[in-house]
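What follows is a pair of complexes built around chain A, which joins chain B in one and chain C in the other.
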Partner chain A sequence: MGLLSDPKSRERFSRIAAKYNSPLCVLAYVVGVVWFLALAYKPFNHRTYFSENALLPGLVEGKFRTENVATRISQAMKDIKDVSKDGPMPVAWIVNQFRGLGLDTYTQEYIQTIPVPSARQSEEQGKEMFVQLNGTNVYAILRAPRTASTEAIVLSAPYKHYLNMDHNNHAFGLMIALASHFRKSSYWSKDIIFLLVDYDEIGMEAWLQEYHYTKSPLLKSSPLHGRSGSIQAAINLELHSDQVSHFNVKLEGLNGLLPNLDLVNLVVQLCGRERITVKLHQQRDTFPSEGWPAFQQNLKTMSLMMLHQATGMPNGLHGLFLRYHIEAVTLEGVLEPGRSTTGFYRMGRVLEGVFRSLNNLLERFHQSFFFYLLPASDRYVSIGMYMPPFGLILLVTALKISFWAVYIGTPDPDPWDGEENVVIEHIHSKKTGDGQGDNTDSKRGVTKIRTQNYSDGDVWSLVPVVSCCQVAGFIASISPMVMTGLGHLFGTRPYQALITGATGMFFASLFMPKCITRNRLACTVNTLRLWKCAALVLQAIILAATAAANFSLGMLLAVTMVPVCAMVRPGKLRFLQAVLMLLVSPLGLLVIYTGLYLLLTETEYHGVVPSAMHLCTVVYYNILSGVIHGYVLGTWQYTLLALAVFPNWLFFWCIVFKKRDVPVVENKEEKKTS
Partner chain B sequence: MSAEPRAEQRPQFRPVPKALKYIFGLGLGARAVLMSSHLAGWLQDRLELASPVTSWTRMTEGLSLLDHGISPYEGDMFHETPLVLMLLYCLSKIWGGLIPIFFLLVDLVTGCLVHEVGTNVCRHLLEKQGRHVKFYSTDSLSLLLTGKQLNSVPRLMLGAYLLNPLTIASCAAYSTTGLHSLVIAGALLAAVQGNRLLATLATAVASYQCVYPEIFIIPVAMYIAQLEQGGRFSFRDPDSRLSLLQTAGGHFAWLGFLWALSFLPFGSMDWLYSTRGFVMLAPDLTPNMGLFWYFFTEMFEHFRIFFLCVFQLNAVFYVIPLAVKLRDHPMFHLHLLVGLTAVFKSYPTFGDAALFLSLLPVWGHCFKYMRNLFLVVCMWLYSIVLAPVLWHLWIYYGSANANFFYAVTLAYATAQIFLLTDLLYAFLRREFHLRHGPAPKEGQGMPILMNLK
Partner chain C sequence: MAAHSGRNWAGLMFLCLLFVSVAASSNVEDQVGGFFKSGHTNNWAVLVCTSRFWFNYRHIANTLSVYRSVKRLGIPDSQIILMLADDMACNPRNPRPATVFNNANQHINVYGDNVEVDYRGYEVTVENFIRVLTGRLPPSTPRSKRLLTDDRSNVLVYMTGHGGEGFLKFQDAEEISNVELADAFQQMWQKNRYHEILFMIDTCQAVSMYHKFYSPNVIGIGSAQVGEDSLSHHVDPSIGVYIIDRYTYYLLEFLETVTPDSKKTLADLFRVCPKRVCVSTPGVRTDLFTRDPNTVLITDFFGSVRNVEITTETITLKRNVTAQSCSGSSCPGSRRGKRRKKLAYANQFPVEAAYEEEVTKPQWHFPMYFVAALSVFCITVVSAFRI
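What follows is the complex of A and B.
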């Protein structure tokens, strides 16, 4: 409490904070960034371990021997696919496969409306304005012989792969093989639900919504006729061939949620037991695990994870389970040419082990971490380790806030040129009687004194600026949908209209500083100091709240925005500042981070122009999917950027372009007498 | 100051009605829009806005139980007072659309009351300054209050109440916190007007409704006694004691009357346990913005009674040291108590704090001695933004846990306590400067450094 109540120590603190402000800020930022990057280095992170002892991984003997079923079924499904190319899911055939094993099998139909006007349909009939998807999910429940269906585990698979639209027939084959193996055993104490979903995330969302009785206005589905208990965990399976070289484990879920680290450990451990290589984001763990190359590799893995997490979009079907408090991961079997491969037998044994461990669970996953970053599949960085460097980066903002808070109201000339800092106030020209003289004054950039309270800065001037910025943000958040509606009238292609809506407001608001000219809102140096202080406070709040909900997004925003926004000042070097500010604008950041992602993942380099074109395309699709996912799945990243980050950025942008008013000390009485 | 020419002051008064219109229009408009938007349903379940006592969800439960002829106080669901229940029941029977109008009106009336409190307290401050000015140092003329300075205070208070996002959200959530603010504002107004009958009635209504305002009776009684006795007031003086006792007696008589009135609809006193007992014993440990829930969930059951006493005493005890220290300033004392109970009560909401915030402009003349105002504002903003985020992470996603949310409530409470202590310090320091001049010197001519330890 000394600092709060003792004026001496308080003064000392503020003197130090003001005197060494810039070096302290640089130091905090550099230490924060270096510390954070160093977390990817082996001595600074920890080896993963099991917190939940009930899992007992690998203690049972694997008995899975029905891999020939998997081969047969996946081949049969492939044949069906070859006959009916791109046809709907062969529901009856799939139901028969499950029924043949004696499982309770059900189907669920759904219609998802995507709020994007479809040009084709409206021309035909004019009644269906939006794109609609019809799909059918098939699921089968293996009832646990030991309990009364109070708990369940899910094994799910998408019918088609999302990207290449290839059939996921191998995963279905393995699913049937596992089902036929599991149903012979009597030790299950949790129901096992086998789920095959159509249309990826939409189908999954439809099933989960119906299972948990939640409703969305855009999604209509038939009720589920068969149910089980509360779902404890889920494994989602994607196999690209019947022989895989490694499993790519996908973790990042909706809105940056991650599954409990115990589940990830479980999968990684059991894969290791069956000698299947595990990769994260297609990145192999390094050996030897120390040294410079290992550090580079780990940093790459961690960065990819952060970039994925920051988008808030699930990179597999597992991501949707996480919203319902169900721990889930996706196992993606990938065949990389030139590597040793593994067949259904060992994949089946891994999954058998995972399910038997999950079967042992006595409580929900709660022991291990929910907030972590993985630099390698067996190393983790927990929230306690990554928050201090993040805090150091935010400390830059905090130091700047305290700096400006000290300087508001002091006549100290130093920050931002003081010789102008005598007495300045609102222009009052229009209200005073003698308009002539005032106009000439304001043309020369001269403003008049009004109140005596000049030194503290004008708190009320914050109200119009902040509210203008917020209104701009609000418009940006609703404009994609408004623009698609308007574009529909003018016959624009819906996606183009959507992009126009999402970015149009951004470009339009770049001209906002023109609107708060001197005539509308005159500012003294102290008022501008106050603005800067308020903008920094808002920024710190936004970044802290974002980092609490989605750490990667908060961190990526903070690393770039904090140093630039801390340096922003009105007046000097306006062009350079504008360039820097544009780089850290929401759109600029999207381009930068998409570029970084491509740099880390793309192996081939085609030259500057094709790469730039590729980058633009990817950015385009990122914006598109960000907006559409917001409507369909409820991701909030676009809304956050539009409603919080963008207005705050705009505030700083206004500060850059705000002109200080040239002060003139005038004496009212003298004027009256004259 | 009084030397200010009158002609200067007159145009200052003219924009007032216009500003008031704007404030009323904006405040009511924002409330009405928010009430009719789809956010209203979400707001109703926000624990920051609706405590178990004031939640509208529970109120609907109570209304429907009453409709079925069951006393809502038999269960463990409903904790609002019988008179409010009967009032809302009548309204909902007449026409369901009256409910939102009722909540709008409550906030509107509270705004008016707060405005009146401002006007009256300012007048009271000026009068008091006039009486005491002969004791003040001749150097401290610049510290004296002027009518012009206090002119905008009631408007600011009205704006701070009606345009505060917290009260807007709280009103849109149909939280009866608005009603609590109304009765407390009524008590403040009646107190400053100094009419014993009205003041005791108003404090009785406030303490009937929200329990904690029971302690308001101490500064109110002191204020009335001081008005009656003038300069002769002292705790030892038998006349003063008689006056204090009369006020306290009046308060309890009114309270008894209100209880009797509440006895009538149900024919039993069960409601007393469900309302007052609920607030005092704090059996519902659903998380809220207060300090009780976390502590009592963590604690062994056999310490419960002891710590319950400690926590409740903490909420009310400060009235005694403050009564001693602020003997000459009962109005300031009363306003501090509004803030104190808003932090330490068992089921606080944002609406309670918002009422205290709207009282602050009256003490604007002390602000220049406050040292942590900026820090408090920042902490407040942080906790208001982070509370829903961490709540969501904890309850819906299951990834965070109770400690995250409790940290936010702690920060929120700390910010409020800082604000209160800082305000008290600023007030006392201003008093000191009034008596000793704005820049008092030590014997050697060194400037004195103020310190509060």
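What follows is the complex of A and C.
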């Protein structure tokens, strides 16, 4: 130590950090938050640009003229659907459509097991206890005429099964129309795979897993009989009608992954070329782009993006491609009443342009940003711009750590009423040699004095509390599974049991401080300082790591948890602290951010009680989908919350409720002298 | 070697002319005054496109267009070294397979008949380019891939690609710096490989490539100043790429008006692309060039024009004046008289030398640490025995 750094200057720094701790913390937090919010303001972010030269966006003239095919096919598909009602996907008919164009067409069957006991089948006591979904994907490969099939691009569309919704027949129509147009051309340097997916994400996951030879124990699928090369990019298409007013571009993928910004730019630019409005999260870009209303709008778009990203759940089929490092976006054609609309012709031209640009690619997307936030479709905030404010917010935690670390080993300047005065008296009396007053413990024959422990905190006291918290976290992470198993025995509906498991563990663990205080651990003021330090260090690590993987989740956690957790200390204003802590608990945060999301998406307000009910419902479904997606698609947000954030929060919760003991310490000197 | 034979042949010609000049009288000398005005007897062109990839289609089109122009003006394929770093005609992305166009009207397929690409694809490297210029090619290289110039050769060097300040990128892997290029030209000069060079380059910051030149009789033309980008001219929407660069576009427009007998001079060439149309500012460097660009014909570089004047009388020729005009020791003419020891090139792969070295050197070789360890071991053993 001290070879390369001057310990004195470091000391000075920590002294300053300790002296002006609270103002510095407030300053860092406020500056961090304001800075971050200001990034949505136009002068503080940048205009998007193309980093990849090879794309050559929009240089080529569109030649798409087969929009009548799209109309015909989508109508035919609708007719089939009307006849079959809620039947399975018309696989044979779809295969015929692709074969009719002369494409290599294949099907893939799969069975997905969802590890949730099925309510229906449990009565039969049958072999299959879990919910099972089976479906058939259909895909067709347009082979590039003048190259080997070493690379491919994918145009996918989900076949939706939901009742009283259209099932994406327009997207299929457009897909067939594009296929019939594309196959006439000789300039493809990559194969084009047209993929119609059964059951949204699960079907897509089945296809991608099989394509990349990855296996999942819960998903069984038939092998792919036709293949192409490595997939470079994918466009997923969802059309709600044959006339759309705008494209909603969906970016957020699995676990908060985002597609390369170049692909997003490409789609946005080509839509602009065909004069189709592009929206992000149904939010229109503002005009004029500067000023207060524009800032509000941009901030709203950015917040919605962050809220979506933080969930880690893909908001379209494109999200699953991202796991395989395949850049993908979903184009959702939305019909908004009262706006001018666009038909298949221009939608087809946009997609043709996108595919011709992707065809020009020479290597994988690698140039532009993978970590960014979009306040508008043509403005971006890159990782280099949003990390400093996040760092400032984490600086609060760092300052608090240094503050508490400096004070470990010093007496409490602010002793509690009653207890400490007595202690100090005893110390004085010990110094005068009159220490054997009323504190002699006759049981063990050793003189003990109640004293404040001035030594460094007891590091070993961390072990039980941290491990207790971690065990609680572990139980929380497996509780949905355990509870659905148990619920199955008692005949509870699986989803209810699942929710009960997830939330029940949370509420049960609120009583943990009670159990911890009962133990025989001596908890002096320095031990508590040490606990606080350790909790803050853990928090900083968890938040920084989370932000590196999923920035939005890290930021949303940091912005709420950091100030509250930095403030809590045992003793004073315990009730207020408890309320604040509950607000920033994982469940509390979920409620808060769900409420924010509903507020931003302008869900209709029907009074307090119905809104609260609605909020509860949405929270319920969020937890549910978080857990289910964790099992089916491998999102880790629920696991992260249960295994890292929740134990850490519980640690703070314990600190709030920790009673400071005045320990009984053996007085060895006394024994020797006597 | 082929370069030797080329030079010998040229020397022979020269001696013949001298011989003729001694024998003949000088009645029509005025008429013949302009006959050897340029001082060159043959024309060569080195046309280089250094960039790969589909989105650099325009660089291939640039080079092929210049190729087509110089060929039209009379330089034969045997005297053109054409280096193309990529094959756009066969690129799967090309909607018009087997063609390269230099205009959206698609009137001229510049990759049509009789295109002889000497170096293609990954053969286009800095090393190969320098070797071609300096004549240091492996003996197995065919004549068509050699620059068989002599001290009476006017060489047109046209390069295009992506450049920066002081360098030009070759493929995606390497680059040639302006110092390397200047040294290559100096070597050419020392090896009597040119008479005059017209160096023309169409890249971003192009003029930086000729800033370091120091060899005589070189003209440099660049499409953009330092700090400027050289821009493309227009897009062909049916092919979907930028199809030609601005400077080359206007250069070709100018060259279309040139015929083998045209009297257009280099000064006209310097004006082909004013900033108004070029957007970038083309630059010219003439300080190394001894002749007045206003009197130098375009066809001295862009064509291969043989002056044929039929006279009924025998003409007495003097020694070429322009050859003497070069200064001092660097003049090729002054060195020609000296008889020099015949030089041979070092083997590119010194296999034999290495083999000999291996044979002559002792086969047994102990590393130092082995000797040290052995001696320590011996001492230990000896001392152990003594104890």
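Keep this in mind: the second predicted complex is superposed on the first by the 605 of 674 C-alpha atoms of A that agree within 3 Å, B and C clash if a C-alpha of one lies under 4 Å from a C-alpha of the other, contacts with A are read in each partner's own complex, and residues count from 1 in each chain.
Throughout what follows, a residue touches a chain if its C-beta (ideal position, glycine included) is under 8 Å from a C-beta of that chain, and two chains touch if they have at least 3 such contacts.
Keep in mind that what you see is a predicted model, and the values were worked out from it rather than measured.
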Simultaneous placement of chain C and chain B on chain A, clash or fit: fit
Touched partner set for A:A544, first chain B, second chain C, both or neither: first
First, second, both or neither for A:A405, with chain B first and chain C second: first
Touching partner for A:M302 - first (chain B), second (chain C), both, neither: neither
Touched partner set for A:C25, first chain B, second chain C, both or neither: neither
First, second, both or neither for A:R323, with chain B first and chain C second: first
Partner chain in contact with A:F370 - chain B first, chain C second, else both or neither: first
First (chain B), second (chain C), both or neither touched by A:S185: second
Partner chain(s) touched by A:L590 [first = chain B, second = chain C, both, neither]: neither
Where chain B and chain C come nearest after superposition, their Cα distance in Å: 8
Interfacial residue positions of chain A with respect to chain B in the complex: 4-8, 10, 257-258, 322-323, 325, 364, 366, 370-371, 401, 405, 537, 541, 544-545, 548-549
Touch list for chain B against partner chain A, complex: 371-372, 374-375, 378, 381-382, 385-386, 389-390, 392-393, 396-400, 404, 418, 425, 449-453
Complex interface listing, chain A residues touching chain C: 53-54, 56, 59-61, 144-147, 185-189, 356, 359-360, 362
List of chain C residues in touch with chain A within their complex: 53-55, 91-95, 97, 235, 237-242
